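Common to both upcoming complexes is subunit A, partnered first by subunit B, then by subunit C.
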Partner chain A sequence: MIFKYNSYFDTMYLAIFLPVAIVVYACLPRKNARRVWLLFTSLFFFWCDGKGLLVYILLSTLFMHHGGLWLGRLHDRLSAALKDTPKEEKKALKETYKKKQRWVLAFFIALELGMLVVLKYSGFFVNNLNALMGLFSENTRLLVPHFLLPMGISFYTMQAMSYLFDVYHKKIEPDTNIGRLLLYMSFFPNVMEGPICRWSETAESLWNAERVSYQNLTLGLQRVLWGCIKKIVIADRLNPFVKNVFGGYDKAVDFELVHFDFNAFPGWVIALAAVAFTLQLYAEFSGAMDMALGVGQIFGVKTPENFQRPFFSLSISEFWKRWHISLGAWFRDYVFYPVSMSGPVKKLTGKARKKLGNRFGPLVGGSVALFAVWIFNGLWHGAGWSYIFFGMYHFVLILLGNIADVLMQRFSEKTGFKRDILPVRIFRICRTAVLVVIGELFFRAPTLTQGFAMFGRIFTAFAAKTEEIRWGVDRKDLAVLLFTVGVLFIVSLLQEKGRDVRTRIAGKPVVVRYLFWYAAILFVVIFGAYGAGYIPVDPMYAEF
Partner chain B sequence: MKKHTISFVIFVVGLVGLLVLSGFVFIPKNNTAEAGILDVGANGILGEPENTIDTLFVGDSLAYCAFMPLHIWEQTGSTSYVCATDLQQLQYTVEMVEHALSRQTPGVVFMEADAIYRDVSAATLLYSKIYNAFSVFRYHDRWKNLTVKDFTEKQSFTSRDDERGYRRFSDSKPAEVRDYMAPTDEVMPISDLNRELVGQIRDLCVEKGARFVLVSVPSMKNWSMARHNGIAALAESLEVDYLDLNMPGTVEIDWRADTRDRGDHMMYTGAVKVTDYILSYLEENNLLRDHRGDPAYNDWNEALQRVKNKPLT
Partner chain C sequence: MDELMELLQELDPEVDFENEEALIDDRILDSLTILALIADIEETFDVTVPAVEIVPANFNSAKAMYAMIERLQEEG
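Presenting the complex of A and B:
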């Protein structure tokens, strides 16, 4: 393999692949050539991940292309047929076509989803089936399949499904150009960790293949640098500590693998590690998004934001509207709405309204849809009970939050208690952050059982010795971390208050701007946790 | 647009200048661990007086566990050094040989062949060149220990490694004995890039008047007949000697006693056997020089004494 990279922050990507991709793109005078180059670089990026794995995204695009055209043809035929059909027969004709369209949609969604389920979840399902069969017979075991996962399969499968759903709902027109569809599916800055783009949002700007403008280039690079600070300075520097505490940290000591066990840590260290992991996850994932959006901007592509300062959220529900926004929006549009608008759930809501009133009644139907969302959300994050628990944990928290919201509203109306005053807001922000950290502890724990054990240890293990703990970070590392997290907090606070930090910097005199960027670049180069002695954190969302 | 292009070029030039300048600050000023040098054992060669090393060994961990310069000194009075590092990649081997040959004139360079089967890509080479051009990338982590001297002092290498790059391990973890060198015609392929890099190392040696020899030290875990065939073919094409100490009739390794980690690396007793074999090759080919009476080489005797006095670990 010519190039190998594990993340968008790999030197191979940053120093070689990306500059070549940008420079060649900028030098190409014709739009078509730029499109072909973007497509070529994207497929090459995929090919580098594993030659054979490219076939999956090609198949997925082919299904999406054919499915879209088929659905589009049915729409056209229906429109043509409706013109010559008497009014009283129109309803029946629409129903007939609707049924056909549903079958076509179901068929292609099954193909798209089938690939994902087989490649990603078959091992999990077979393992659980074996465990179940083991209850009845000791000798019956199915062979557990192991597949190599193509990079970003969950992301591009969701993009393909959203395209098919949108064509089905006539929100978008099906595209005959398979090249355009392939570029939408494989655009290299987004393919590893998202965001999950919608056809209506990005396809056009991608296919436009605009020339690289000075403004897009500088603003894009600015964002790439910001992503590097988050990932290389914060996430990677936290990595040894997080890995130490959460176990599974196999370190070659004298050529023998040493496994650190969380049982060696007192509760407060586990709690600290859960906070550190949450911070690391945020820095890594949002840093990767800065990278994706920054590179997208250089190519003139409009990519949706995936984060909006989630740690300023007042509730878990709000948190998920600010964290991994494109995933939440996908589940909202393609799971929550269809489930809550389905016949049985509507009936349930109607009955609940009668019994519980207009405030609590709608919560019942909404909860059914919410349950479906969080089961899928948990499974999307990984094939394991930890992830299902992670989904259910958030489902319960959001459900309780919805109920508490109604009760608090009543309470506020009766007592005049104000929920938007600063101390209450700060309390709610902190409470949300604590709940998020608890969820992430289970998310990161190697197994669900270990997750519970670690959580329990926070409240029970006070006496363990700390002298033997391998922290993985020293005081100087900690100083760098605190400084960088402080900068991240201030920038987030300014953005939260509506101040556009990026444009402000871009508006400064050239000398000030240059000095600022030199300082920022040297900051990453010097204080980044890379090179000998460091193990960079894996892109946490790349396998989803 | 022209204005923007000029402005952008000025920015990039300024950045490159800054990175180069900061490299001067961050690069270690001595070849000691305290000064922040990486691969301390291998870089100990920088502290050896010029033109005092007769034999050079390069390679990965298999090499630093198997070749014992002090044993060669004790037996023959000939000097040698092991420039071996963990998971050494060939582009780094080229660097090591370049650095060593810029100050030393060994008569022979032995290259342990395990690294030849380690993946190297064109991108890795470029990446390595970037690291070399801008030392700040390689030594950035020294920010924790920077002093005023780092801004003012020039590099001066004064440290010498007693073991001359060899790493002594005296605990044995026996391997399950198996015939890992079963005869086969299978040839494990070597990538073109790796062939080219080995060729570069050979050319460097030839240019400096050193014989270049490929060698495979015993390693049940890493070696096989297919690999032997691959390296033998490469040696033939490069017209260099190839010593495979995994082959029957070369070195009698007791896999229950001579390995430190179940057949992967040699422990002390295995290293003695390997070094004795190398000694016989050096003798046969008149590549040994005896410096025992020369006071300029006193440090070798002192180092030998220090090592002998150290308890085996």
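Presenting the complex of A and C:
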């Protein structure tokens, strides 16, 4: 293998692949050549990860291309037929075509989703089926399939499905050019960890293959550097501690510090590790997004933001509008609203509103749709009961949050209690963060049972033999971590107050700017966590 | 338009629906309130709002909502 990337922060990617991709792109004078180059680099990136696995994304693109064209043809035929049809027969004609379109849509969605389900979930389903069958007969066992997962399949499948849904709903026109579709599916900065793009937002700017402008280049590189700070300085430095307490992901069993026995830790260390993991996940995932969006910006591509300072959220419901935004938006548009607008759920909402009123009524129908969203959200993250529990945990919290919100509003109206004053807001922000951290503990625990055991220890194990704990983080690490997290907090706070930190830095005099960048680069080089004793954290969302 | 304003005021009296232009983008209306609002719109204006119409562009302001209602009425 010529290149092998574990993440967008690999030296191989940062020092060779990315600079070559950008420099060659910038040197190509013709738009078409730049398009071909982007496509070539994207497919090459994919090929490096898994050679033959490239076939899956090609198939996925082929299906969406054919599906889109077929749906488009049915739209055109319907429009033509409607012109010559008497008014009273139009409704019946529309219904006939609607039925056909539904079948076509269902067929292609089944193909797209089928690949994901077979490759990602068949092992989980067969394991559970075997466990179930084991209750009745000890000798019956099905062979558990193990497939290699193509890079980014959970992300690009969502993109393909949203394209087909949008063509079906006539939100977008189907595209005849399969090259444009393939670039939308495989664009290398996004393919590993998202964000999940929409055709209407991204495809055009991708195919435009703009020239590299000075402003896009500098702003893009600035964001790449910020991503490096988050990932290499924060996430990687926290890795030994998190792995010591939680144990490694299955893939990382060769990591020498792994001694998975959380019973060795007192409760407060487990709680601290849950906080550390949440911080690590945020630094890794949002850092990867800075990398993806920064590189996208260099190529002049509009990619949707995936994070909006989630830890300033007042409620869990708000948190999910600010964390992994593109996934939440996908589920909202293609699961939540279609389910809540479906006939039976609509009827349920109507009845509930009559009995329970405007505030609580919609919760009944809405909760059916929310349940669907969170089952899928949990499963999207992985084939395992921990993930399903994670989804259900947030479903219950959002539901309770909605009920509590209505009650609190009534309480405020009656008593004059102000929910918007700073101390109350800070309390709500902290409460939301604690609930998120508890969820992440279960999310990170190797199994659901171990998750419960670890959670239990927080409240029961007080004995602290801290001298025996292998922290994996020394005083120097801690100082660097506290400083960098402090910087992250201040930057986030400024952004939260509406200050555009990026443009402000870019607007400083050239000397100040360059000094700032050299300092930032040196900071990553000196304080980045690599070398002996550190294993960079795997791109967490690439696993999903 | 007056009927729509009445519905909106009843739903949340604290919001300035006449001038607000980013009801969705600024998270003033959440998805559950939207569900209640759609049920009201369907009942009052005798239209069916399909899921595909629930996009920020149609719900960011009272004006946008009214334009959508008129369009849905025309399409019948």
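Note that in this section the second predicted complex is superposed on the first by the 531 of 544 C-alpha atoms of A that agree within 3 Å, B and C clash if a C-alpha of one lies under 4 Å from a C-alpha of the other, contacts with A are read in each partner's own complex, and residues count from 1 in each chain.
Keep this in mind: a contact is a pair of C-beta atoms (placed from the backbone, for glycine too) under 8 Å apart; a residue touches a chain by one contact, two chains touch by 3 or more.
What you are looking at is a predicted structure, and each value in this text was computed from that prediction instead of being measured.
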Touched partner set for A:Ile526, first subunit B, second subunit C, both or neither: first
Partner chain in contact with A:Ala433 - subunit B first, subunit C second, else both or neither: neither
Touching partner for A:Tyr514 - first (subunit B), second (subunit C), both, neither: first
Subunit B versus subunit C, judged by how many residues of subunit A each one touches: B
Touching partner for A:Leu93 - first (subunit B), second (subunit C), both, neither: neither
First (subunit B), second (subunit C), both or neither touched by A:Ile16: first
Overlap of subunit C and subunit B interfaces on subunit A (superposed complexes): none
Subunit B residues within the subunit A interface of the complex: 1, 4, 7-8, 11, 14-15, 18-19, 22, 26, 38, 121-123, 126-127, 130, 136-138, 140-141, 143-144, 260-261, 264-265
Of subunit C, residues touching subunit A in the complex: 10-11, 27, 30-33, 35-36, 38-39, 49-52, 54-55
Subunit A residues touching subunit C - in the complex, by the definition given at the top: 169, 171, 317-318, 321, 332-333, 336-338, 340-341, 346, 349-350, 353, 358, 361-363, 365-366, 402
Subunit B-touching residues of subunit A, taken from the complex the two chains share: 1-4, 11-12, 15-16, 214, 217, 255-256, 474, 476, 510, 514, 517-518, 521-522, 525-528, 530-534
